[in-house]
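Each of the next two complexes has chain A plus one more chain, namely chain B in the first and chain C in the second.
Presenting the complex of A and B:
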């Protein structure tokens, strides 16, 4: 038998793709499909095995007040963390992109929170937020303000977590902005300076538009992170009090591993995947058209 | 007195003295070229005139006003950068109008200046393009248009042609010159290319190691170089600078220049060397034929001499020749490289 050269080329191509394809299928595609299928089945136990129930899980979900609560929480979490951490990242990058004494030290200081594991960060902030003995309360006590249980109060817990997340994320995003800024030739700034453009004008008309590709990348990451980052909840609040700081992914975890309702967890996961897909697509299609790429 | 005056300008980086006590004047409406090898401080001087770099010492006067500490935007200068510094996300139109918008020029006036400038440099049909979709020459023209619309009396250019190919460079040289005359701009033009300097300049400031080596018209520099550095910087190939003790004195000096001392140097332009019946014996080590002329590399003992002759090579590599030159064409430099005699010393120093 003699295979044509063309066929052999296809065979080679497929052979080279196989390892990556196997990994993708077994760890991404198969679990995704399995999750979707699972979401159509009831929770099984030793007495009643799991059975197909159609969209009952989804109906139950729309009736579940905690689901709506974590969804709203997650929205506030995104709104609270994304714009602030991006704005801070740009400001920090602009600050450390200039020639100044101790520049590399400041750059490293800004970046440190990113290197730390989330669990460690959460532990540090647990100390900051501890009522009375924590750093924040000790400082406010100098001004005669009495202690506050930041993580125990449903009114402040989500904000407290937002502040910590911004602290953790801004340094990470700063690195991307810093890299982008260093690719912008300094002559552009000099040309603007010769015309008398203020720093703000130059930022608005030149730097910010030239940073847009970076901003899109950072924005997508920030949005994904606002749904993906839940490690700190394990340390800080466990979603409490009264689900005031519970987020979608943590709620999925609770359902799957605390209440052992893997089918409801699968239902919630499908919703999460759908949300992420919609947001990623929207960002690409809406923003991508308005961005200048070099 | 208007134009630009530079007095004892100094720029000191931590250890490097990039500009060292430089003084010169640029008459109003003239084109002065700062010429010198890479790293001699040309860009630094230009950037200090623009105000993009602070002067460590000395003063800069534009139109008689001391602008040494003035804000760059209030010095009345525009600048063309080597990289053109076009804003990549803005169209040609927006790039040209950038400065006018910053300065809040009325919209009708903006439009008028834009169209005039675009017409002048032949960009009118490209106003809506982005810089990425322009050729090198077109980008250069956008940068020039920015200067034109700014209406500033002084224009500074830092090696504006170095990113273009040879043909385009010749074209743009002429265009920049024409523009400078038409708008009577006071222009300071930085280059390391002697062709640009010779063909464009009203005045050349030759720099070496942060110091002024010679200031003069292109003909001054070519015909009466004041130092061996100037002599060997200009010309293609440059002037032969030969220690007198390398060639027996009488033959080399052709009986002229009695003041010469044995440790001095003789300068002779390659085109003034002729092949003679009896003269200094040399061996041809290379012959570069260029059509209208041939450049010969000649060896006399350890001394290399370059010669330029009309037409085809008069001899093959390895041949022995004899060369001579006229006493009137000899330039003389002392042991420190300073001019001590030569053809038109009298012409360029009428004050004597």
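Presenting the complex of A and C:
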């Protein structure tokens, strides 16, 4: 049998794709589909096997007050972490992009939180936040302010976690901005200076638009992280007090591994996947059109 | 994409290497019975070394059995890892897990009752050799499913130096709720540098609450594990008292108190009294820079504490040889000599009278009487909260406690909601 050249090229192509395709299917596509299927079944045990129950899990979810609470918490967590960490990242990148004494030391200092594992960071901050003996309360006590139970108060716990997350993430995003800034030709700055543009005007009209592709990338990462990062909850609060710091992914974990209700966990996962998909699509299709790529 | 491919290639190579290594290992040790045991550590301290040491001693005595003891994090992690290993077909024959995981493990058909494993009369007697209170969380439906190992109760640690400074008798710990509040008021300094007391309310709030409600003469659940008593008047009163310690009597910080940093608070003198697991005893003894005391928890209507800690379970998917090897290991680990040694090294309690009758532990208790407080308190102890759907039921109570302590709900509201949740969850089991 003689295969045409065209067919051979197709076979060749598919063979090259196979390893990646196999991995994608087995670790991404199959689990996703299995999750969706699982969400239509009831929790099973040795006595009552799991059975198909349609959208009952979804109905139960809409009536689950903790689900709504973690969703709202997650929204505030996203609102609290994303803009602040991006703004901080830009400021830090601008600071260390100039010639200054000890530049590499400052860059390293900004980047250090990023290389620490989240669990280690949480353990450090657990002691920062502990009432009276913690670093924060020791500093405030110099000014005569008495200790506050940062993680034990439902009004402050989420903010406390947001601050820690921003501290952890900003350095990581800074690296991307720093790389982007180094690719911007210095002539633009010189030209702006000749025209008498203020530094703020130069940033707003020249630098910031040129950084937009990076911003999109960072934004997508930040949004994903605001739903993905829950490691610190295991150490800091376990979602407490009374779910005040519980986030969607941690709630999924609780359902799957503390309550062994993998089916309800699958239901929640479908919601998480849906949310992430919508946000990713919105970013790609809406924001991407407005961004100028050189 | 290229990165992805190189990464996955590296992963595949690593996986192949590992499986070859595993295969060669298993052929080398074919004559031995191999046991894999998961165990948790819930309190700080070098407990993993002690367990590993005990296991090594066991293997020296029993060269035909090879034990792979795997430290698996806290109680939650240990259960997750052991069950995940079982579901994925990896061998695990026995495990130390939370005593209150009993119903969940039975429901998942994961464990086998010891009544079905013991053969000789001597072994049947062995089942009865432990303190009966410690067996409460390991038995249901007339069968024994868990053998006590790292067991604890809650005790009251107090700072004798702080007691002296506040004009209190350091040899006389508060024995009732009223005395506790009175002492707390004397111990609390107005500038916030020292609190009267702390009861942790993260991590295991329901456990501490089990003590308070028992002291108010109310157990939290029935022994069939399908009924909770969260909304009983005595339960609500107990939670009100807990909340009042912070908000009314001002002897404890308001809000929730972190389980993980409490011991440090106590050791640094930020609180004069803490309620904590006996599992902390040896660490506190080693690290306290002040004179400290240990006492039973105070009484309201009666004294009371839940027991706590981990039991040995044998998994169902095991061969007869593995089961008898597991029995050997469990009998060794819970023998009076080992239990006495374990108790001295950690502060966890000896699990049988025979352990306290060993000369080593008797000597130790003579020199350090606090080592026996947990045992003396057993007389007043009850089982730890454990039901079917235990994770969710426990969480509903945890949330209620935290909601009440932080003031977002009244104790009555919070506990009634928790009871309604528990009723809904447990209905199918009645």
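Following the convention adopted for this analysis, the second predicted complex is superposed on the first by the 294 of 294 C-alpha atoms of A that agree within 3 Å, B and C clash if a C-alpha of one lies under 4 Å from a C-alpha of the other, contacts with A are read in each partner's own complex, and residues count from 1 in each chain.
In the analysis below, contacts are C-beta pairs under 8 Å (C-beta built on N, C-alpha and C of every residue); 3 or more make two chains touch, one makes a residue touch a chain.
Source: prediction; values computed, not measured.
*Asks:* Based on the shared chain A superposition, would you classify chain B and chain C as clashing or fitting together?
*Replies:* fit
*Asks:* Contacts for A:213 in the overlay, against chain B (first) and chain C (second): which applies, first, second, both or neither?
*Replies:* A:213: touches no partner chain.
*Asks:* Taking the superposition as given, does A:192 touch the first partner, chain B, the second, chain C, both, or neither?
*Replies:* The first partner, chain B, only.
*Asks:* Who does A:31 touch here: chain B (first), chain C (second), both, or neither?
*Replies:* Touch status of A:31: no partner.
*Asks:* May I ask you to decide whether A:201 touches chain B, chain C, both, or neither, giving the answer as first, second, both or neither?
*Replies:* first
*Asks:* Let me test your reading of the model: by the given contact rule, A:152 touches which partner, first (chain B), second (chain C), both or neither?
*Replies:* It touches chain C, and chain B stays clear.
*Asks:* Given the superposition on chain A, which partner contacts more residues in chain A: chain B or chain C?
*Replies:* Tallying touched residues of chain A, the top partner is C.
*Asks:* Please state the minimum Cα-Cα separation between chain B and chain C in the superposed model, rounded to the nearest whole Å.
*Replies:* After superposing on chain A, chain B and chain C come no closer than 29 Å at C-alpha.
*Asks:* Is there a shared patch on chain A that both chain B and chain C touch, and which residues make it up?
*Replies:* The answer is that chain A has no such residue.
*Asks:* In the complex of these two chains, what residues of chain A are touching chain C?
*Replies:* 19-20, 23, 45-47, 66, 126-127, 130-133, 146-147, 149, 151-154, 235, 237-238, 240-244, 254, 257-261
*Asks:* For a test of understanding, state which residues of chain C touch chain A in their complex under the given definition.
*Replies:* 1, 4-5, 8-9, 76, 80, 83, 104, 107-109, 191-193, 195, 201-203, 253-258, 260-261, 264-265, 268, 270, 389, 391-392, 395, 398-400, 402-403, 405-406, 408-409
*Asks:* Give every residue of chain B touching chain A within the complex, in rising order.
*Replies:* Those in contact with chain A are residues 50-52, 71-74, 77-79, 81, 83, 85, 87-89, 98-99, 102-103, 130, 132, 146, 150.
*Asks:* Quick check: in the complex, which residue numbers of chain A touch chain B?
*Replies:* Counting only chain A, the residues touching chain B are 185, 187-188, 190-197, 201, 205-206, 209-210, 292, 294.
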